[in-house]
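See structure below.
First chain written, first letter: the chains are A, B, C, D, E and F, and each begins at residue 1.
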Amino acid sequence: MTEAAIREIEQFLYREARLLDERRFREWLDLLSDDLRYTMVTRANRYPPSSKAIAVLDPARLPDDETAEEDALAVLDETKPTLAGRVARLETGMAWAEDPPSRTRHFIANIELSPGSSAAEVAVRCNFIVYKSRSETEQDFYVGARRDLLRRVDGTWKIARRKLVLDQNVLLAKNISIFF
Amino acid sequence: MATDVSQLVDSEHALVSRRIFIEPEIYQEEQKKIFARCWLFLCHESQVPEPGDFYTTYMGEDPVLVVRDDHGKVNAFLNVCRHRGNRLCRADSGNAASFTCAYHGWTYRNDGTLTGVPHLKNFYYDQLDRAQWGLMPVAQLDSHRGLIFATFDKGAPPLREYLGQMAWYLDVFFDRREGGVEVLATHKWVMPCNWKFPAENFGGDAYHVQWTHLSAITTAFSSGVTANPRSQGSMVSPGNGHLLICVGPDDVGDPPVPAIQAYEHAIRDEVRQRLGPRAGLISPIVGTVFPHFSFLRSTSRTFRVWQPRGPDKTEVWSWVFCDKAAPAEVKEQVRLAAVRGFSPSGTFEQDDMDNWQECTTTCRGVVSRQMALNYQMGMGHDRYDAGLGAWASEARISENNHRHFYRRWAELMTAGSWAELAPSRAQAANAQAANAQAAND
Amino acid sequence: MATDVSQLVDSEHALVSRRIFIEPEIYQEEQKKIFARCWLFLCHESQVPEPGDFYTTYMGEDPVLVVRDDHGKVNAFLNVCRHRGNRLCRADSGNAASFTCAYHGWTYRNDGTLTGVPHLKNFYYDQLDRAQWGLMPVAQLDSHRGLIFATFDKGAPPLREYLGQMAWYLDVFFDRREGGVEVLATHKWVMPCNWKFPAENFGGDAYHVQWTHLSAITTAFSSGVTANPRSQGSMVSPGNGHLLICVGPDDVGDPPVPAIQAYEHAIRDEVRQRLGPRAGLISPIVGTVFPHFSFLRSTSRTFRVWQPRGPDKTEVWSWVFCDKAAPAEVKEQVRLAAVRGFSPSGTFEQDDMDNWQECTTTCRGVVSRQMALNYQMGMGHDRYDAGLGAWASEARISENNHRHFYRRWAELMTAGSWAELAPSRAQAANAQAANAQAAND
Amino acid sequence: MTEAAIREIEQFLYREARLLDERRFREWLDLLSDDLRYTMVTRANRYPPSSKAIAVLDPARLPDDETAEEDALAVLDETKPTLAGRVARLETGMAWAEDPPSRTRHFIANIELSPGSSAAEVAVRCNFIVYKSRSETEQDFYVGARRDLLRRVDGTWKIARRKLVLDQNVLLAKNISIFF
Amino acid sequence: MTEAAIREIEQFLYREARLLDERRFREWLDLLSDDLRYTMVTRANRYPPSSKAIAVLDPARLPDDETAEEDALAVLDETKPTLAGRVARLETGMAWAEDPPSRTRHFIANIELSPGSSAAEVAVRCNFIVYKSRSETEQDFYVGARRDLLRRVDGTWKIARRKLVLDQNVLLAKNISIFF
Amino acid sequence: MATDVSQLVDSEHALVSRRIFIEPEIYQEEQKKIFARCWLFLCHESQVPEPGDFYTTYMGEDPVLVVRDDHGKVNAFLNVCRHRGNRLCRADSGNAASFTCAYHGWTYRNDGTLTGVPHLKNFYYDQLDRAQWGLMPVAQLDSHRGLIFATFDKGAPPLREYLGQMAWYLDVFFDRREGGVEVLATHKWVMPCNWKFPAENFGGDAYHVQWTHLSAITTAFSSGVTANPRSQGSMVSPGNGHLLICVGPDDVGDPPVPAIQAYEHAIRDEVRQRLGPRAGLISPIVGTVFPHFSFLRSTSRTFRVWQPRGPDKTEVWSWVFCDKAAPAEVKEQVRLAAVRGFSPSGTFEQDDMDNWQECTTTCRGVVSRQMALNYQMGMGHDRYDAGLGAWASEARISENNHRHFYRRWAELMTAGSWAELAPSRAQAANAQAANAQAAND
């Protein structure tokens, strides 16, 4: 990919992150393509095939790899309509986990681009740290990797697929009341 | 423990001391009197279907390894090497013929037998009796409708007796179709609250739905059946501290997803048939098996354990389930409804967690801690219902289940053993008979 | 508690055991005997000026909601829902006619009355007496010069009696001009230290200024009045554990900012006039109202509460204040002086925190913990001064205030109730009279 | 803004951050314009107007927005001279909170540029994580957003305004003895 | 350095980081030059010469600066062969501290370039955060600065020197079982 | 403490209760009965070679300042200001004529004397006796072969008596060549485990090497001598809880680095000569001086203290050492072998830490905690060996050292003082004599 492409995508992602931190959720929804799938998975503790900690009884029972079981570990599995529903819920004034609202800060790092399946698409990898502060002294760090598929629609970028991998087994935060 | 627990639950006035939600000494006592004694949920059989399949979990704060042996028998052991106490198995799940401890290499077969001790001959002089040093099994293990339970206490009554009338209610969730259910997904996370708040909530708090979850209901994440003023139902306590929130047999509490609702409609008669006449009286939608195994059918379909991790910390281990016989598309929709409704990101669950956290942290103040909590809703308005095999509230919303829960908690915390509890169970049976009599009159 | 607290403070030799700064049992006992008993500062009236205005804070570790009701009366309640103990109000401050609990929707009016209980009729059968289940008010609430205090103990003496001679000294800070003061800014942060270290420091530690703060003084962040060898003054204890650091009436302790110094010069006569003749004898610049409300006039103008959060953790809740009648430019300079001098980034405060932290953490060692702290400076060189209405040190720097603080602490920790303390207060009064007599001779 | 402009500013900010981490405070002061205002604010917990947690009695008492009360929440409010004073204080050998010195590491992320009010100025947004390690085992993460106004003076950039928002209500660190 | 150079190096470093996070250790080893020296040091608490906390008795006993004692504080001091040995050890199935494997996420930030000693070399500074999650609830943040020397060999970059400074005195993680 | 410690170590059956690895009360008692009583390692003389050189460390959780005074004498003091308990010196090491407390500026000379008290005359009225308020020294300090030890207990036996027969074994590590050793590097890190697991491991756990470290051995990070079935050796306990893992005199346990092995070969005869005939009998390679000073010669060369930080937390303070007389290249290779083998990144050490952590955390469960640990390997197969001056296992691998360790631990935990321990030490001596007699027969 060209320099300019990386820079353009980078600025798009920074602005997107800022919309979330500024709680401009309706503007954020506008960046999502109508066919979006948006997932976040946690990660399993499994012995790799090489491990000598166990003697496997039935090799057929070994999962191919961690990602084979993604659905079973998804903590977010959303579409644009369900995300819009979450935004609407936040607007009711009764979404208690966000009232008063939490404070988030999104860090988008290690951005790498690769071509998408069509000229209008680009695949983007990045790592993320999302800091959340709430109430008087609560804080959480959500850390992981993200793979986006961006699509150029009418001269602007839309997010067509977002897959987040959260690098935890037991989620250490009490909830996921924010967007990534 | 110096604390006199019997003073902390005032059943007569339905008041409960806040000390039981925050004080470390009471928490430690709970570990011994509740968690080392009661039947605790381990996992579902669909999670260890084949020989060698294992699943690691906890009973209280004790790590436990559930494993199906070569002969197909499911066993559960402390997940602790008998030599120097190392954690034996460090994976969430998998398949194994044997487990080797990372420290000195003792090896245990998947039936718990200590099969390998390096240098047993030359350094142990063959004086270590391996038969004495196999993995430490739980005292009793049994299952009901695929739900595997165990207890550390040899003196505990058998599982069926422990469940009692609760058995039928579990069937409604886990055995309403041939083949029972299977697990679709797993969610684990940490909540900064005492474990009893979620346990009591799932067991009997229909009251909070209309306010805590109003935002999710108005934005169509749920049909919000218990918040619907036209719904029927009752808070039902089948005994031994087990609890259920029930709606009327014709109330619809399924997730507001067309595919799921169509499926439910299609299987309705089959299910009624299988569950028998009681299904025409009542429809349980949420519940808790004492002390900390809860399950949910409306809005989302999950069962979960509230793993205690200290007086103000709980890990939720939650699993999404579905009838095994359901079509793939329904299973996928059930999974999605759970992710979106009852999971760390759940539009329902996240607000619950915030409340339970604040119910717990405010107990830190020495003055707040003296303030008893109010569990008085519907006092005097529940009765034993022979048709339901349970105490039931007159109204569709009540706190009578909470009262049963804390009465049971107090009994266990003050009893020296299951044998000591027996009389009180007998009394309960008598009361039950008397009530049943009255109900029949 | 098994610990015999009376052995921990050796007043005769001015030695204090380090155990009281680190042991969890003593900390818990303090919560009951000190914080659940004494008058504690809540907030300033300028923070809740209008009907409906509320402010959330803590008394010890108990969350408290201060709110001015529709009729203009300020009340304070445990910020805890009476139903299941949820934290009622989660905002720092705001304005409300009523508060609704997020869990089940119980609603309380801003005077604490429980006005709304969903389904009171159909599910509570109108058997819940709402009058019994309003927010739990503090036992007593009163204010002095805009400073709102409360106590959880009905048996505590009235605020004026509790403050005693301290009242005039508070006036010097908070009522030296018509209109009193107003709050300009708020700073909250966590310090890893025991709360008593900052409380004793603000109450009487003029000694540390010349070394702890020398870097800030030499780089012109303060006039460093107490470090100035030509200054006058005395450590003053007006009784009941209250403490003040005072300089001479003509010493200048104001921040080294021209606008502030010009202002001080301009109002000097007016202030002297208002404060009366004692202002010609002494000028208090820092102090502590027992146990944990401190205030400061030199270098920066802040008052703060050292919120206890465990034996080795304290939250500072600090507010910047200024005469209400001061011009806007002076207010802005006062705010800036506080941000720069006494705040988490304060050029003075940051070095204090480091010391208090290390005074606390070294108590972890079992041998270090046996080492008594030395509070002997100026022993035998203080006397009751009738003009000051207080015990006062001969020299301008002394540790007599510290000694008064820990004597009071020990009295409260050993007394069963305020009634038991009364005799010792009477004795104090006698001693005071005797000393006064002697002073007049 | 052009690619080149972003890159130039980015490198300026990275170098600035490094001067702080290397405790080259005098060189850092040289990057500040004489009219600098430098602030850091913490954040309040307030019910938004939509909240159903309270029924507001007097709507006139609602703050316009959180930033309306910034001065009341500032934990740093500095000028170039006061920052120079802080540096001088550190040099006395008696600034105990920094003796021995703490170890900092500044992370400057999500950089976005927008034009300033004149051609010589540029407004820069970024997010920051500042890690502080001190003594044997103390550590703190300071996380938030920053808005800078940079001005080109005699061919080099100077910082004319810096506004830091720290995403905490009760500051969880025991102090702010470092620069941002 | 030119824009393009920075971007090229940045993408190289992001890809390298990703290889580590994806546990593609053999591919990672291929990025190392044969003469690599790879070190990580922790940091001492020392009074600076200006400190008034002590009166120095013998000025000759003062260390010149912290880096003068680097070897004494190194927690990693590797060559390509020893790193390859570590990778081989991980592959045995008996490296218990990584069995099941930990989850890492590398953040490479504040990248600055300067010329190396030859045209084929470039010196690169960056800051790093490496997040490590393991087992059920363990997590660690490793934070510090890194100086790399990259060398162009046969048209691709190789890492010839890597020096990591970890900003801690007592390492707060229980081990260093991962690569940086 | 209510806990009856004597029941926790069952020497007859070689079973140890897991409670001693997790319960806070037992940990606190250990601080008093073990750490405030035993001789504890401080640092090596090469770390404070010149007048004024200081080094800060801990004895248990007590911060300690080791400093060589102007006259060259090494002293050790609580690193705590006598005034208000502030930590005096905050650097890891350095050189100082005097130390000034950051709080009020009290100044102590490097021999502990309180030399400066600001305003001693005008504010203390010269009534503070500075001689009484110098830094608090340890009760006894002594060194052996450059290893500086101290104890807080005046009643403790002298260091040489405390070490007893262990002295020679230390010589093998620290005095095998003229000039002794010097420190090359320092590593400090936190382990989430109880301190006794590493202490027992270094003292006698040759058994784990063949499995825990097999990955490092097969990838050539070590010669893995104890895992080599052809090696000789014995687990050796010279008394008082001190422990050693020994190989045969001709086994090679050096790091697999040519420069080091060549060096070892070159000095072999010189070393044998210096160490005397016992070096022809046995070759100690790892060991622990009771309670928590361990050292290692094979694979890597480090000595370390397992600083206790709570029942489930330990800080490792580890130092790399080498013969002072070794060539620079050998020193560098020794340093590298330690970084690569035994350090936070050590290819050996990292796997140990994982095991010790899991041995500790599984104790949290109340049921697991009741499970006694097994220390039975080689019971009845060890004897007192006069040539070695120690109890020694018949086989080259055994758990007899562990048994000595916990027996000693239990003796100290139950004894009220060193005087009370004396008889048991006498008995030990008698037993030793008797055994020696038997060995000679």
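Here, a contact is a pair of C-beta atoms (placed from the backbone, for glycine too) under 8 Å apart; a residue touches a chain by one contact, two chains touch by 3 or more.
All of these numbers come straight from a predicted model, not from anything done at the bench.
Under half of the residue numbers at the chain B-chain F interface are used by both copies of the sequence.
Comparing chain pairs B-E and C-D by the number of C-beta pairs in contact, the larger count belongs to C-D. In terms of their C-alpha centroids, the spacing between chain A and chain C amounts to 47 Å. Between chain A and chain B the centroid-to-centroid distance comes to 31 Å (mean Cα coordinates, whole Å). Computed from the mean C-alpha positions, the centre of chain A lies at a distance of 28 Å from the centre of chain E.
Contacts with at least two other chains are made by residues 3, 45-47, 52-53, 92-94, 96, 99-100, 107, 109, 129, 135-137, 141, 169-170, 172 of chain A.
Across the assembly, chain C contributes residues 90-91, 100, 102, 188, 190, 211-212, 351, 354-355 that each touch 2 or more other chains. An unclassified topology is adopted by the chain contact network, corresponding to no line, ring, star or complete arrangement. Chains touching one another form the pairs A-B, A-C, A-D, A-E, B-C, B-E, B-F, C-D, C-F, D-E, D-F, E-F. Note for the complex: chain F touches chain D at residues 90-91, 102, 188, 190.
Those residues of chain C that touch chain F in the complex are listed here as 18, 21, 197, 207-208, 210-212, 351, 354-355, 358-359, 361-368, 371, 373-374, 376-381, 395, 397-398. Touching chain A in their complex are the following residues of chain E: 3-4, 7, 11, 14-15, 17-18, 21, 91-94, 96, 99-101, 103-109, 129, 131, 133, 135-137, 139, 141. If you check the complex, the residues on chain B that touch chain F are 28, 31-32, 35-36, 58-63, 78-80, 82-87, 90, 100, 102-105, 118-119, 122-125, 127-128, 133, 136, 152.
By the touch criterion stated above, chain D contacts chain F in their complex at residues 96, 99-100, 135-137.
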